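First the structure, then my questions, so here it is.
By written order: A, B, C and D. Residues from 1 in each chain.
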Amino acid sequence: MCLIRAFELEVAKLYRDGEIPGFVHTSLGQEAVAAGVCGSLREDDYLATTHRGHGHVLAKGADLDGMMAELFGKASGLCGGRGGSMHIADPGRGILGANAIVGAGMPLATGAGLASKLMGQGRVAVAFFGEGAVNQGTFHEALNLCAIWDLPVLFACENNFYAEFSDSRTLTRVPSVAERAAAYGVVGETVHGNDVEAVAAATGAAVERCRSGEGPALIEFETYRWHGHYEGDAQPYRPDEEASSWRERDPLEITAMRLAEDGATTEELEEVRADAATRVTVAVEAARTAAEPDPKEVFAHVYGD
Amino acid sequence: MCLIRAFELEVAKLYRDGEIPGFVHTSLGQEAVAAGVCGSLREDDYLATTHRGHGHVLAKGADLDGMMAELFGKASGLCGGRGGSMHIADPGRGILGANAIVGAGMPLATGAGLASKLMGQGRVAVAFFGEGAVNQGTFHEALNLCAIWDLPVLFACENNFYAEFSDSRTLTRVPSVAERAAAYGVVGETVHGNDVEAVAAATGAAVERCRSGEGPALIEFETYRWHGHYEGDAQPYRPDEEASSWRERDPLEITAMRLAEDGATTEELEEVRADAATRVTVAVEAARTAAEPDPKEVFAHVYGD
Amino acid sequence: MSTATEQQELRYIEAIGLGMAEALETDYRVVVMGIDVGAGEGIFRVTRGLHERFGPDRILDTPISEMAFVGAAVGAAMGGMRPIVEIMFMDFIGVCLDPIINQAAKLPYMTNGALEVPIVFRTQTGAGKSAGAQHSQSLEAMLAHVPGLKVVMPATPRDACDLMLAAVADPAPVVFVENRRLYARRGPMSEESLPLGRARVVVKGEDVTVVTWGQYVGRCLEAAEIGEASLEVIDLRSIVPLDMETVIASVERTGRLLIAHEAVQDFGAGAEIAARVGRELFDLLRAPVRRLGAPTVPMPFNPMLERTLMPDAAAIAANARSLVAEG
Amino acid sequence: MSTATEQQELRYIEAIGLGMAEALETDYRVVVMGIDVGAGEGIFRVTRGLHERFGPDRILDTPISEMAFVGAAVGAAMGGMRPIVEIMFMDFIGVCLDPIINQAAKLPYMTNGALEVPIVFRTQTGAGKSAGAQHSQSLEAMLAHVPGLKVVMPATPRDACDLMLAAVADPAPVVFVENRRLYARRGPMSEESLPLGRARVVVKGEDVTVVTWGQYVGRCLEAAEIGEASLEVIDLRSIVPLDMETVIASVERTGRLLIAHEAVQDFGAGAEIAARVGRELFDLLRAPVRRLGAPTVPMPFNPMLERTLMPDAAAIAANARSLVAEG
């Protein structure tokens, strides 16, 4: 979590300063979902995520330096600089990629789950998506498909209550995503997404059900994005009190307090934070000075070879 | 209903004999849904239907001769012979057309309902669709959209339990379409689709709710198609007992019996049937001898002008 | 457009907004629909001010449900409205192609003219700023291939406004493709007004006709200024209808044709123009028609790679020069 | 393919089935997915026998949810399978374009080759039997325009089988376009086997090169038999990769090129070929390249109108003749 926080804060700064090109959507405030879900997965489990996927990808074990370099578009980036923030992937770790098409990850995860099932691999596929994506047809179609085929797919919804500039509660009569799972004969549950232990517990149980052949599960994690939809968004659309009340439920603070209760010292906690900050700084330095991709290679892999 | 029955029986024969080209999907056995729903609509209400739409279009008041001629592809057809069975439309009667894309009618009806609402016309739009189409993303998206905008749209599902060669009950964990409406905050109900009075009663009430501004309604009409998915389908996939048990619940017989109870004489009932048969025969004769469209006109209206 | 407006310089993005506002003002059947086009004023702020001025019944925010709301816009057009519906990025036709190509494009014809579908599909493209492969495609050729759709791609503020008004007024469905790389560009509203379907000769020249559209109009103008050959730059403005008359008239004089566009070259719209000119002016062409588009590669994120794949003014000028050398 | 099979005549539809069966037999990662492809054996019975032979874990019936199951096939390919997924009619790309063009076509490139998406999108087209405007489109040009996709369109049983096997083996996503008007046609499996990406010279000739594919191969062969000009008929077999080498070699001899295809002519794949030949053989062409495709009209239901819009052998022959007359 600390690493994600440090990463995203730094990315926001770099983006503002024009060091990172393209579009960037940070997951500040949502770190516990990433950490809790991905921390409950096996290394070979699959992950398909969204435009707001840095945290998930990091938590799933992608190399920090490779990620940062990718945001810079460098040759040493996880995708050789071809993907960028919205398309970071690391197939070796089951990470099928962030995706810039809202809702596209759910069918892909369905397919990965299908592959796992047909080949008897016992791998679970997790599809992250926002509550805004729930209104997309792919949610409906993919969840139904997973249900009838009993596929080991976890539908992990990050309900941060906003889709771009819109309050998602105005875009459906049934704002509870968990409730909508019943239409597919799937169990849906709602979990406080800023509490990493709650996230991990719910995920662990759901993933085990998936792995044991019961088919898909859906968990809605209620959380909040601290920054705008994209970096640079002025956010006139969110009430201040709402934003500040969520800031008070900082997932990192919640965890820190709990660790402190369990006996962690301030120094130990500070060390974790400092360590994360250092790793990010090192990654930034490396990314800054890394080589650009070789333009002569620009035609490679168009046809997958 | 008698007219639809006579029409479809004749069409099936004509298709078998090679007189009607293209693909044909008849609605034999489902007549009560068409009659009950469309009979409860105003003339200016909208209708968007499916590949299996003859009955709906007839019941909504489209000209019989024009329909038959359209199936023959003649110039006097409702679409000048350009549409055929899967594309019959009659915008003057609010009929936006049958549609060969499964699920496509729901967004179109949504839009017609939107137009009615924005222009304060009080017109309701009905989208017919099969239970197979429920798994299509358009069902999910359109129903949600109608719900949040309180659009006067009736989602009229003909659940005939089969989508092509598949038992639809195997294609979802929640075979009750009505139940799935809850995910959108919409009331869904299930009605015996072979009982025209039940159909009309449910539709009448739902349409009034739509018209009064409550937003969309969903009704699932349980029924059965007597013939194959298309004319010519050998139907190895359906248990005989199932088919025959539904034949015993013939919507026309149910109605006839009820009318008889209410005092209609055998002669009166026979006259209705005979009249329908005659009208169909006349329509066929007219269609057979009608002129082909003028090839010189083939380029007209590509760009809507 | 008022004379006062005609004397202004506007940004391309403002001109689109102006076009929509005029259409909304003069025709109650016009509505604007799309994700966050209302109070949010659009992800690029193209719909700025519209929500405030026309209210939520005319400027409709939709859920992320393109199949439904694009399809609903088509249905609303059938029901007598004149919707302007936004598909946020052109790449997103991937999630809502059916209502565009199978419904809107076909129903007027299939109903023998009984149904009109007067709808504007607003969308935008514009590579060059690391938006990545799923947000950088210029897919006009795909839509131009479908009978029943018109496709316009304005390159100037004046055209953006005019074509918007023309698109709204058109009985046919029109795909209105903006270029986000042009949003901030200013241009005179005093530019001559042309109807939908007419190309614009932007610069007169003698040696080579350069046909282009969208973002590439600017690059071709830059190329013309390099000045080693005299280029006649034609901004196509609409891909369908395709104003071959203007193109042919120009190539008849120059004898040489270069087509430059942002989209991938293979199976792009340039091929159609090359094929037609190759046929109609076979005896007149002094050199083979050239095309200059993006190579067959998904657009990479890295800015330098992206630049490598987008022919610049120098490349356009070099191609024109070598066309002159060829004959 | 066994020698016994090579000596047979098969129907086109059987040959596709044979190709799938061989792929299923030799590679456990191959699965077949689609609406009613299983016990129902496909709406046109292309998957006949597969369900019985390979069972429901290899031949998967899907709900009517193209976005999900086509997308799932793409995801399964990422997960190491080699799915053959059916899009029942080519027109239905309208409801599932995203997984094809934005996911399958792009992810191998965007991940710098780390992800392979070895998938076959089986689909079919074939106008001429009153299927109506929403079930009659030949949309290969749209998909060919997207970098990352291969597009094959077999015209003979031998090619149908070979290209299916090649498509399954290919590391890239391949769109496999069948033509339902050819399903019942028989052809020798002894025909020479060619790799994916190579065109076939079906008939040698001297006067005019006729490039064609799919349903139109047969019409062009008929036209060749009319015999007033000597036609060299080339069956392209794949649109991407485009075998320009074979086309160019032929036109170098004949000096004349006619391209005939089922799809709408405007912005169709023929334009790309015309543009390339126009450029590469500028000095050699004796007459301007001609194209013969469907006019810009949604396909009407009426059989006679439909015929009017589909150039027949006589029209092909007449065009060839007039090409000869031109120069």
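Convention: contacts are C-beta pairs under 8 Å (C-beta built on N, C-alpha and C of every residue); 3 or more make two chains touch, one makes a residue touch a chain.
Keep in mind that this is a model prediction, so the values were computed, not measured.
Centroid distances from chain D, each centroid being the mean of CA atoms, peak for A. Centroids of chain C and chain D (each the mean of its C-alpha atoms) stand 30 Å apart. The mean-CA centres of chain A and chain C are about 35 angstrom from one another, to the nearest whole unit. Put simply, the C-alpha centre of chain A and that of chain B have 44 angstrom between them. Among the residues of chain D, those touching two or more other chains are numbered 62-63, 65, 67-68, 91, 94-95, 98-99, 102, 109-110, 132-134, 147-148, 295-298, 300-301.
Of all residues in chain A, those that touch two or more other chains are 79, 82-83, 87, 99, 101, 135-138, 140-141, 144, 148, 171-172, 302.
In terms of inter-chain touching, the protein chains here all touch one another pairwise. On the chain D side of its complex with chain B, the touching residues are 35-36, 39-40, 43, 61-68, 91-92, 94-95, 129-135, 295-298, 300-305, 308-309.
Remark: chain B residues 46, 48, 79-80, 82-83, 87, 89-92, 96-97, 99, 101, 104, 106-116, 118-119, 123, 125, 137-138, 141-142, 144-145, 148-149, 300-305 touch chain C in the complex.
On chain D, the positions that touch chain A within their shared complex are 29, 31, 57, 60, 62-63, 65, 67-81, 83, 98-99, 102-103, 107-118, 147-148, 150, 170-173. Those residues of chain D whose C-beta lies close enough to touch chain C in the complex are 67, 91, 93-95, 97-102, 105-106, 109-110, 132-134, 139, 141-142, 144-148, 240, 242, 263-264, 266-272, 274-275, 278-280, 282, 285, 287-291, 295-298, 300-301. Those residues of chain B that touch chain A in the complex are listed here as 135-141, 144, 147-148, 170-174, 179-180, 182-186.
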